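In the two assemblies presented below, subunit A is common to both, partnered first by subunit B and then by subunit C.
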Partner chain A sequence: MTQAALIQQHSFLNRVRRYYFSGARSTLLSLICFAFLAWLIWTLIDWGIMRATFDASARQPECDANGGACWSVIANRWRLIMFGLYPYEEQWRSALACLAVVVTMVLSCLPAFWTGRRLAATWFLGFATFFILMKGGILGLPLVREEQWGGLSLTLFIFTGTAVIGMPLAICLALLRSSEMPWIARTTGAVIDAVRSLPLISILFTFAIVLPFMLPGFLIGEKLYRVICGSALFFAAYQSEIIRGGMQGVAKGQDEAAKALGISYRHRVSRILLPQAFRNALPATINQFVITFMETSLVVIVGFFDLLASGNAAYGTGEWTFAFVEVYVFVAAIYFIFVFGLSRYGGYLERRMSVDQR
Partner chain B sequence: MKKVLNIAILATATVIGASAAHADNGDTLKEVKARGALNCPGHTGSYLGFAEVDDKGVWNGLDIDLCRAMATATLGSPDKLKVIPLSWAQRWPSLQSGDVDIIIKASGGTFSRDTELGFQFSNSYYLGTTKVMAHKELGLTSMKDADGGTICIPAGASQERQVASYAEKLGIELETVAIEKTEELEDAYFSGRCDLYAQWGPVLAIARSVSKNPDDHVLLPDVLAVEPEVMISRQGDDNWVDISNWVLSVLLFAEQEGVTSHNVDEMKANPPTNEIAKMLGAQPGFGKPLGLEDDWGYNVIKNVGNYSEIFERNLGQDSPYKMPREMTALWNNGGVLFPLVID
Partner chain C sequence: MTFWRNRRARAAILQFLYVGSLIAIVAIGAITARKNLDAQGITSSFDFLWKSTGWDIPFSLLPASSADPYWWYLLMGVLNTLFLGVIGLACATVVGGLVGLARVSENHAARLLGTIYVETFRNIPLIVQVFFWYALANRLPRPKDAIEIGGLLISNRGIYVPGLNVVGGSVAGFFLILFATLFGLIWFASARRFKRIDPSRKRAVGLGVAGAAALLAILVIWMGHEPGTPIMTMPEAGGLNIRGGYRIQPEIYTLAFAIAVYGGAYIGEIVRGGFKSVGRGQTEAARSLGLTGWQVFSRVRLPLALRSMLPILTNQYVWLIKATTLGIVVGFSDFFMVIASSITHSGQTLEFVGILMAGFLIINFSLAAVMNRINKAVALKGHQLRS
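Right, the complex of A and B next:
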């Protein structure tokens, strides 16, 4: 073992001793906590793996006999959970569409894609692929209307749609609110505050169900797109305040100096103000994205079969009512993968940006 | 929060209803025929026995099969049914706006739905009762014996009020545990936190039948409240309401006369009575006055079955729930259902 490794190991043990076993009281507390953790993890493994039933043909009697989790429900109903009411024979399309959105999301997270043109092209291609696959009606794919979409692909579509419409809108709102013309700033402020004072459910309900009574026929469109617009508006109202907070952290002198140099408004905003504002606002922005992803499950209230609703439908039959915990664990795992990925990415961005700052 | 939302939604629906009730509600049958599909409500998730989804995403259930019967009567095929998932909150505005043509969603006929929301009802296709389940080891024979017990009830639902007033009537004291989510509620009862569990009858019976040891639980004979479940249409389209009533009557009349999906061909070829001949379209005159084909009754029975077949398939002996018909039986079997007279 090299000296460095020895020192490291030594310091690791030292640290453990210092942090967890420095005195009688902390030793006791640590032991209790570790014992509790070990018990918790053991219980989970015992329930989820050791005594669990994985056989797809097993039903309640077999599962009860084994005593653990009954993953047979997932084996039988996973397609319902993942794809909702999407026509059974066409579900490969929904799977590919999901993949397209995930790839688009991952690509646009890579710094190499961070130019306006590349981002726009990626998203355009991503959405076009998603749309052609999901809706069909061309290239020999049978037409599947939006009301039959469901499961993970619907959740992802609503989330990305909200983000893609909501983010530019949020930037606009933030800039308008910090405008030097008082009536613009005040009107925007009033709009933002009004949207923020309404619960998301009531906004979704209004956009999905009440709006068709008020709009002229050609403006009504599909319920799905109205709901995404409502959700994007809600997202933008919150996100614009986050961005404005970030902008306030940029020293006023920078803007004034840029003005003195005769730099145009467009460049002052896009090259000086926004990049710094986004860096300041990054943790809160990631937070907002995570919340938005979770909130997509509220669309059940207007009759969409998103991931959570399909999960409900999956255990909602006489055979499987007993296995709702397993279904919820499965759905939670899917949410976890996406949200954890988002948070990790946020952490990476913060590290990357702080390198620039130094 | 949920209550506030519900009130807001009801208010919206009332406002829309008031303005829409007297407007021209059009001819639903004509719209359905032009569209080539009947739009019927499903559920966001599932409602055991009434609307649930199989492994391939196909809807099943008592309510869904009634929708299939409507689709078959109006368009000739059960495949012309389009199920639109609706949350409970959404059903009234969706009917008013025309997103669905009819509401068949375990919904009772009430005064405010009739007048304020501007709807019309068919005859009742199911008598929903509020009942109480108890752990058998307690040895209860009726609610009277339950004095001092703990009862689990769904929070914010009408059962809360029904239990309170029933307990008052009997002069007994009950400790209530109100829980909103059905899974948690049932968990609380089955884990022994409550002695009793009050719920809408079918949900209760299903909860018992799918529990680990159904025999450890008894349904008490007390009926705390009844709610006739009906098919709900927009006000001002009398013919559409007539169609829903006659579809139900055909299902019940076929059961009463022993016409099933298996013997319907034979019955049509050699009808034992004039009424059956007329219902199955062996004689003309059953379709035209309603704007339907003359053999719509035959199509419904052939494709969907009579009421008994629908019930047994979804809730009764052929389903996992094994519910008895009880009050939902025909009048000649001790139930409350009856067909109108085909003359």
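Right, the complex of A and C next:
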């Protein structure tokens, strides 16, 4: 064995000793933690795989006999959970639409797409693809009304809608709030603070149920779009504060220098202020997207058939009422994949940027 | 066009237009709503607040029945929100503190457990967790075959705990005295006005006040006790239901548990961030002065970490208070649910939406104000803040 390898082995053992067994108390703690972890993993494997039932034709008696998870409910109901009440023979469109949104999200995570124009184009295209696929009515696709949308695709639609409407709105609000004209800044600030201190549910409720009273008839529109607008308003109130924080991080001299060069307001904002502000605010922005994605699930309260609601429906009928754990694990896993992926990406960006700044 | 080129004039016009159009939008909305509601025969005024509701509130801390007026129901809703909020925030803070400590522990096994906890519960929407725990709570055994753990009876009707046989009013009085004393003591200990009092005398006065308050609180409880009944009541399974003890409804403990678990994951991250922000130099300096591990933690790391956590914690608390509105998915009558049911029953849409917004603005702004006050009081002054 070479000396280098010896040292490495030594240091590895050393590290194990220092991190896990540095004293009597530490050793005890480690042992308890590892025992608990082992028990947890074993229970999960035992329940979820070893004693689980995967057969789609199995029902409660077979599952109870096996004693573990009853994944048959997922095998039978996954289409309901993913696509809601979308017409059965058209569900491939719903799946493709989901894929389009996922591709849009992945693309906008690539640094090559990080210019305002490219991002806007990507999201607009993704949104349009999604909309055409889901709604149909052109290109020979049969029309599917919004009331029939559901499941994961509805969740993704609300999320993208919120982002596409909310982001420009957030930029406007941030600029208005940091305006030099005191009345504009103050009024916008009051509106933002008011929206931020309200629960999202109450905003969704107001937009879904109360707003039709308050709008002239031609503006009422579909309930789904009103709810998306409400969600976008809430997102914009939070996001505008994040952007404003990013703008405060831009050195004041930059703006002054640009003014001295005679650059117009529009260009000062779009070429100098916003790019740097977004760079500063990137980790917080991604965090906000993560939270927004999770909060789309609140639309179930105003009566939409999103991923969570269709999960509830999947075990709601008599034959599957016992299998609620499996359904919730499945639904939670879907949310987890999106949210965890996004937040990991955010963490990666944060590390990368802190390296850049050094 | 010299007028338009005048900077001041342009700014004034722009501001006037902006504020004016905002007001116009709100006004048009209100007028349209008034017209639509008038067409349905609903007159808008706040008189309805004194009318009796005619429907039952599922849960309230003080007695409420369908004969009570709307304002009383709204008050019950606010109380429920605050009640659940306080329980949820307290539990979430405890959970978050433990998780955060585990995540900055020197033992990497504890760190691993903390990380798994945070990543699991933070990445699943709160409402999914609420639905899950509620479904689980509803599938507990019936009262007939309730599970018994050390005096507790657990069934699908709720968790039954041993309780005291006293009337509700004196329990409220008990907690009122406790909280008032607690706040008084904190004020006494930290306010500048009492800074010059000798510390040993200060401690003696504090202990005396605390003892007197405790005695008073026990006396209040004793006075609320109905004579002729045993003072303790133990839950007992009898027939189809459980008699005696206090019943904690599934709706409440599910929500409190979900908020504690979910909020705990977030607060854990805040705690971790706070400890990470304490400079290495501080810890090393404390150690080289010969402080023990506990002293380094309690005298150096914790106070510094707490200060850097507080502002972020305020936001998180406001967020968690807002999360109590999820009560509507399990049928817990929090402020929002009372408003929503009132709208369906009375049709006074605009007024209730106004009350809802005003209510949350007041709750959240006062919470933020209290936290900011604390933050300002404990903040390090001048050059103390060095890492």
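By definition in this document, the second predicted complex is superposed on the first by the 333 of 358 C-alpha atoms of A that agree within 3 Å, B and C clash if a C-alpha of one lies under 4 Å from a C-alpha of the other, contacts with A are read in each partner's own complex, and residues count from 1 in each chain.
Following the convention adopted for this analysis, contacts are C-beta pairs under 8 Å (C-beta built on N, C-alpha and C of every residue); 3 or more make two chains touch, one makes a residue touch a chain.
If you're wondering where the values come from, they're calculated on a predicted model, not measured in any experiment.
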Comparing the two partners subunit B and subunit C, which touches a greater set of residues in subunit A: C
First (subunit B), second (subunit C), both or neither touched by A:76: first
Subunit B versus subunit C as contact partner of A:113, first or second or both or neither: neither
Partner chain in contact with A:202 - subunit B first, subunit C second, else both or neither: both
Subunit B versus subunit C as contact partner of A:345, first or second or both or neither: neither
Contacts of A:210 with subunit B and subunit C, given as first, second, both or neither: both
Touching partner for A:85 - first (subunit B), second (subunit C), both, neither: first
First, second, both or neither for A:297, with subunit B first and subunit C second: second
Partner chain(s) touched by A:312 [first = subunit B, second = subunit C, both, neither]: both
First (subunit B), second (subunit C), both or neither touched by A:64: first
Footprint overlap on subunit A, comparing subunit B with subunit C: 199, 201-202, 205, 209-210, 213, 300-301, 312, 324
Contact footprint of subunit C on subunit A as seen in their complex: 19-20, 22, 26, 29-30, 33-34, 36-37, 176, 180-184, 187, 191, 194, 197-202, 205-206, 209-210, 213-216, 294-295, 297-298, 300-301, 308, 312, 324-325, 328, 331-332, 335-336, 339-340, 343
Residue ranges of subunit A touching subunit B (in the complex, touch as defined): 64, 76-77, 79-80, 83-88, 147, 199, 201-202, 205, 208-210, 212-213, 300-305, 309, 311-314, 316-319, 321-322, 324
Subunit A contact footprint on subunit B (complex, rising order): 1, 5, 8-9, 12, 16, 43-49, 52-57, 84-87, 89-90, 93-94, 97, 183, 206, 209-210, 212, 319-321
Subunit A partner contacts - residues on subunit C that touch it in the complex: 11, 14-16, 18-19, 22, 28-30, 32-33, 36-37, 106-110, 112-113, 116, 119, 122-129, 131-132, 135-136, 139, 318, 322-323, 325-326, 328-329, 336, 339-340, 343, 349-350, 353, 356-357, 360-361, 364-365
